[in-house]
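Dumping the structure here so I can ask a few things about it.
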Amino acid sequence: MNLEYTHEIHDECGVFGVFGHPDASRLTYLGLYALQHRGQESAGICASDYSQHRFHVGMGLVADIFTPDNMENLKGEMAIGHVRYSTAGSSNIKNAQPICVNSHFGPLSLAHNGNLVNSDELRANLEKEGSIFRGTTDTEVMVHLMARSRKKELTEVVIDSLLKVKGAYSLLVMTKDTLIAVRDPLGMRPFCIGQLNDAWLVASESCAFDIIGGTYLQDIAPGEMIIIEKGKELRSIRAFPPIEEPIRQCIFELIYFARPDSVVFNKNVMQARKALGRQLAIEHPAQADIVISIPDSANCHALGYAEQSGIPYDMGLIRNHYVGRTFIEPRQNIRDFGVKVKHNPVRSVLNGKKIVVVEDSIVRGTTSKKIIKLLRAGGAREIHMRIASPPYISPCYYGVDTPDKDNLIAANMTVEEIKEFIGVDSLAYISTEGMLKVMGDHGKDFCISCFDGKYPESVEPPPCYTKPKQ
Amino acid sequence: MNLEYTHEIHDECGVFGVFGHPDASRLTYLGLYALQHRGQESAGICASDYSQHRFHVGMGLVADIFTPDNMENLKGEMAIGHVRYSTAGSSNIKNAQPICVNSHFGPLSLAHNGNLVNSDELRANLEKEGSIFRGTTDTEVMVHLMARSRKKELTEVVIDSLLKVKGAYSLLVMTKDTLIAVRDPLGMRPFCIGQLNDAWLVASESCAFDIIGGTYLQDIAPGEMIIIEKGKELRSIRAFPPIEEPIRQCIFELIYFARPDSVVFNKNVMQARKALGRQLAIEHPAQADIVISIPDSANCHALGYAEQSGIPYDMGLIRNHYVGRTFIEPRQNIRDFGVKVKHNPVRSVLNGKKIVVVEDSIVRGTTSKKIIKLLRAGGAREIHMRIASPPYISPCYYGVDTPDKDNLIAANMTVEEIKEFIGVDSLAYISTEGMLKVMGDHGKDFCISCFDGKYPESVEPPPCYTKPKQ
Amino acid sequence: MNLEYTHEIHDECGVFGVFGHPDASRLTYLGLYALQHRGQESAGICASDYSQHRFHVGMGLVADIFTPDNMENLKGEMAIGHVRYSTAGSSNIKNAQPICVNSHFGPLSLAHNGNLVNSDELRANLEKEGSIFRGTTDTEVMVHLMARSRKKELTEVVIDSLLKVKGAYSLLVMTKDTLIAVRDPLGMRPFCIGQLNDAWLVASESCAFDIIGGTYLQDIAPGEMIIIEKGKELRSIRAFPPIEEPIRQCIFELIYFARPDSVVFNKNVMQARKALGRQLAIEHPAQADIVISIPDSANCHALGYAEQSGIPYDMGLIRNHYVGRTFIEPRQNIRDFGVKVKHNPVRSVLNGKKIVVVEDSIVRGTTSKKIIKLLRAGGAREIHMRIASPPYISPCYYGVDTPDKDNLIAANMTVEEIKEFIGVDSLAYISTEGMLKVMGDHGKDFCISCFDGKYPESVEPPPCYTKPKQ
Amino acid sequence: MNLEYTHEIHDECGVFGVFGHPDASRLTYLGLYALQHRGQESAGICASDYSQHRFHVGMGLVADIFTPDNMENLKGEMAIGHVRYSTAGSSNIKNAQPICVNSHFGPLSLAHNGNLVNSDELRANLEKEGSIFRGTTDTEVMVHLMARSRKKELTEVVIDSLLKVKGAYSLLVMTKDTLIAVRDPLGMRPFCIGQLNDAWLVASESCAFDIIGGTYLQDIAPGEMIIIEKGKELRSIRAFPPIEEPIRQCIFELIYFARPDSVVFNKNVMQARKALGRQLAIEHPAQADIVISIPDSANCHALGYAEQSGIPYDMGLIRNHYVGRTFIEPRQNIRDFGVKVKHNPVRSVLNGKKIVVVEDSIVRGTTSKKIIKLLRAGGAREIHMRIASPPYISPCYYGVDTPDKDNLIAANMTVEEIKEFIGVDSLAYISTEGMLKVMGDHGKDFCISCFDGKYPESVEPPPCYTKPKQ
């Protein structure tokens, strides 16, 4: 039982890159450590000394995988890194990233956050043409496309390859002496650029710049490609032909995935969450003594709700953060204590109280049910649950690990039924309109397919598509 | 660099025991997991099947030390466990607990939270009489005293031995078929008793009962001894002759050590902390836009301060909990980022604001200085620091790892000087009277020697005493 | 210091395969264990359940790499395995074999013993066509050739690919349901076929059949391809067009590499070595009290010398076989004891004696010099060294790890000079004619390029060829 | 399945000590490596810098337990080390040696080879007096006796303690600044003294001096105590009162345990074994084509037999030395291959031949039976087995791991029956007289209780004694 994996959906990856710093791999180590919440299953760093690529990948947490010994080897002023979550089935070292190969460009390494919807087809074609695959990731497909491109210029090779793929990607490509960062035309996953003295930084989230004292500069724009080459200025180009569709940034990054201290999609994550909480309080007020959150993911939303409603914020659940690599699952006969391993209710806060519990989302519903049971056991008299996102009804195919539709409670039950299932006195979700409103600009730049089931046209999954379990 | 050790003082141990459950060692594993905050350096479990003791101890976190394989061996319905923090110098597997030996009683195992002030003398005497020592813990001294006692009854043996020691102990003693829990006459360290169906539980804090669905019954009283013997009723006896001195429970358990969801010294920890926060706000109000805490230790105090002052509570610092076993320290040239590895300021919350920062205590002052620097970098315009305990001026000799007096900032600087050193706009500590008042009953049952320098008479350390580095 | 690597030249690999046994991976484990002398740096097993390939590779010894846990996963009735030695420089898990990929055939895995001389050129071409490489082995080149072949039938694919390569290979190719074993047209490396009940076995040496109670059937002939397909009879085909050149089996397999209990190139290895020893005694008799060997590699040759000469065989050196994974190198100040870590002279045998020391070969000369120093220290009065192979003057490019010509003592010194360098009273090598004579049939089927510098035409290395350090 | 443990009896320990060398622990590491054949289950080193003892112990082989990191800590000019074999049941780190404690002498560490017959009684008494025990070794009993001795002088303390024990010991005692080596009055286990420049060395066997370039000086005499103290000359004293009984050196050390390149009991081991082989040939000649040994333990005896008989020595069995830490046992269905994992017959040597197989001893008989089956499978036409020691009929209680009498084949069968059981054409053992004769001086100084069942009076085991499984 890995206690890290108790939230019901997961971002699948985080990426980080450095160009032009003598301690490139150390900085990448720290950057990945700051991005650890985006993937706890495997991690890797590949460094280039402008001649050779050296890499180390492993299963587990960043701080467990890397040692002074294996870091020593990762020489050079460029480095890219990756943290990865994946579903249990194919959790495997052979799928760990970065992927580092030799090609006619010389060394070529990729780190990718996102998911493609046409990789099965691409893979089959590539195999037909003689490509071989070691693992099952989309990233390996992209490596092959690049290796096979007939273009001469590296930037053209990358663009040429990416024009063939459909899906989400915030992608780092490293050759001997060039670092390229490119974001898909819809901008589905976050990606930003920063600076540390004379070195350039790129990362999934700005918190990875903060940890090393770097400065966030700006988001890489959807469809933008950044090229940093030894001895040249940083260049930015508009990589793809104009598309009809609007930008489609993943709204769930702001709701749940990103760290609250990050800037993502040019927004302060914490402020976005508080605004959701406030809007939720406006739409769905409650008569209660206190507002509590399910720590730590709903803390900000709950603060916002408390602020707007005037009901005091309190701490009704304590979370245990001491998670080792291999927590031993309790036997059935002592397993009834449910999720208390991770959360414990605070009786002195809850006892006899009417409470508002703010949660960022409900996916399967089973975790919420357990938490509510804990709160009841802790003495809560009335429980009003408020959800800072709309009902989650459709799986994501763009880099998020979600259950099948059959397992999404809101796809199968009404709000009233969910209320009964979870066992609360009242349950309410923020409205889609409310959510988009507080995102500003009518939320027009966001993908909300998990809430409305409408996938962006240009990356619509084929019929009968099942997300590859990576 | 072990990021767990960044708070400046530490509780040195946590203990847990079970009697009468077929999964005794599994329950102990979970209990220790819940007590992990009391010691992250080593852990151990010893189990008895009413005939033989089997144990496993290791360095590191509970969830890393124990595996299904090594747990398999820990058979029986009784078990005791221990988590331990110790200073780097003698961090050593030979000091890990429980200590498990064979003696003329048969198997004998001890787990101890606390510290003795006369163990040097006792050890020297025991060695003179032919005892041999493997490690440097006080606990080993107690084992020898018991092995050498001429008393016949186990309870008498334990009392006889403990009458010779001076100091703090919440002690578990396990023989083949009996579990004894005993707390020193001053009750310096916490100790409580619980129940899970027909099984008895004992633990340093009640949160260890919660995790396994057990029920907190009551504190073991200072000087009380609980005896649980196979086939007999649980007995409680007053173990020691009456003493002149009042009870002396460690007030720092309520201020910082214990988990907020625990009951300790018959008090709800979270409520005690909130009350300290409120009192602090009464004594030392501030003109500010928001109240923030240094997570996670000062969260409750900050909530109390916010509640009393009416200034909104907000989250200005985010803490990264992904700590691996061996975080690689950044090189000097990138080390300026200070404690950002653990805490990151949230610019969108702090920028341009006047803030109140609530902290539970200041020990060395160096961590506070770094945190304040972070907050300034995050844009805070004015910083008013409020400390929910009085100036910390004297080392503790009763089971707490504290720096020497030379390194306690409040023993060497005035509040004004500390304010300058740390770099805040104002600094204020709660008064000793205020602190005691909110503990109820004039706080008469507490040891506050760390704040007033007056050690309890019956356990006063000898002159020139230096706490053994265990 | 890895004590295994103290002989001065090394075979680079051993391979093993099973078809049609429910315990295929366990048998492969044992087979590799028997072939461990052919490579101690990494090992791997890939198993097929006629649908999927599963593999495990690791660095180190077979018995350390595989555990019941990781073996559990290697399901199926087919398996191939590999042990590998490589030079320190690129000792790396990414070069470990078998190489297991997915291709348009489905799963495809290769295990290879040998070395190609045109792989640089092939690799460059493949990269130009878009292939990507993870490691630096020749084997990966062969995988790509197969994945890119336009042929339809698997056997044609393999033949088509191998027609492009120049060099030595005893190669195992496994698909979902077919096992192919193929040996290069010159038959440079050994390869044989065996049987265990209904299962087919293939291995570098017959000792790998013995360990599992299997039966050696015959050598796979140079240029022969064996095809074992699910549900079909075993087929053998002549894979390549007739070549002008005679067979060129590596004579050094018989001199040193193979285990004495193996049959290799249809010859009993032990008998071949004894015959070399006898021939050596005929060509270069000596006046001495005893004949000793340098254990264990020269034991058989020494027995033959003793038998022919009538001088008694004795044991003057004892070898310590307890080699762990990481022997700690003694500091300089205690390093003068030289190779005593591995060999110790027996004074009671040597003291005052005239001795004949038989060695299989001299490569660099440095090890021999140390051994002679040991024997002198052990009291030997006269030392006559006899070498059971001719002077070693040319590097091997066909799967043997040899030093550069500059480091081959016989390429740079006369026998007289070597005698002086090593410090013996007399030194003599077997003649090339003598060596070939005892191999029977005038030794016409052997590659002796290490002794005469004449590389077989069809696999002649290109000018300026440097063996890739794998 | 640990392949090291396939011989049927085992020496239980080896010890090594250094005094006065800056690299004391490194030398001890090498010494233990040379003594690895005396114990492969655990090993440990304790070093003293004349002030503090630091130690490291672990399970497994010397070269696996010690790393540059953990050696770094073992500072000082004195060190003692230990390798240990023990029966599976209580194989346990808590029994690993050296045992290192603190006592009223200060640090005190012991390393012991041998076994006591009255330790149960001593342990019970010590426990009654308040001693505590961590493990189950005799050595811990000796530590307690020393810690409790009322004598003032260290030498007196040691003598006083040893006068209470009955049994075999070659014992190293280290305090802060003194190293004592003492051998029991009967001299049952070997012990010798050597020199390396200005440093003193002590070891179970002289091969441990050779590996570090040290010089063997002489045996420590039975009942002798060597004292090496900082700043003083080495002293030797006769430690015990004269006893009636003659010296009783373990003859099995010469037959099997010791390395052939060692000097043990002032005898060259290899010469002793060859002499046994020659005597065996005189007593029990055979009509045969070749003489072979079961490698490696019977190599020397076989050479002697061959020399005397004039029948050529040959190699009919090859032994695989690549033993990892955890060899995976083959499943039952492929286990029939018996001991081929370790030994493989050489068909080209054996086929159609009449052979003499020389073995050092037969204990259970099961291994011999398997080997003979192998030789038959290898084609041997007639097998004449010759045993270089008399029938083994009584368990040893003095530091050798032997089966119970019920499992000693010669205690339960006649030679004729054993011949049938093992399946040889003839079987003969050397006579006791013959064995003693070749040891010189009528073999009067040897314990042969395993052959005649007569235990030395002064160390006779109590009735119903069962050797403690350590």
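First chain written, first letter: the chains are A, B, C and D, and each begins at residue 1.
Basically, a contact is a pair of C-beta atoms (placed from the backbone, for glycine too) under 8 Å apart; a residue touches a chain by one contact, two chains touch by 3 or more.
Every value quoted in this text rests on a predicted model; they were computed, and no experiment measured them.
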| item | value |
| --- | --- |
| Pair in C-D, B-D or A-C that repeats A-B, with over half of contact pairs matching by residue number | C-D |
| Superposition rotation for subunit C onto subunit D, Cα-based, multiple of 5° | 180 |
| Most remote chain, CA-based centroid, reference being subunit B | C |
| Whole-Å gap between the CA centroids of subunit C and subunit D | 36 |
| Geometric centre distance via CA averages, subunit D-subunit A, whole Å | 61 |
| Distance between chain centroids, defined by C-alpha means - subunit A, subunit C (Å) | 50 |
| Shared-contact residues (touching 2 or more other chains) in subunit B | none |
| Touch-based graph of the chains, sorted into line, ring, star, complete or other | ring |
| Interchain contacts, given as pairs of chains that touch | A-B, A-C, B-D, C-D |
| For the subunit C and subunit A complex, residues of the former touching the latter | 100-104, 108, 124, 127-134, 143-144, 147-149 |
| Subunit D-touching residues of subunit C, taken from the complex the two chains share | 23, 26-27, 29-30, 33-34, 36-37, 40, 60-64, 66-68, 71, 207, 210-213, 259-261, 268, 270-271, 299-300, 303, 307, 312-315, 318, 320-328, 330-331, 333-334, 336-337, 340-341, 344-349 |
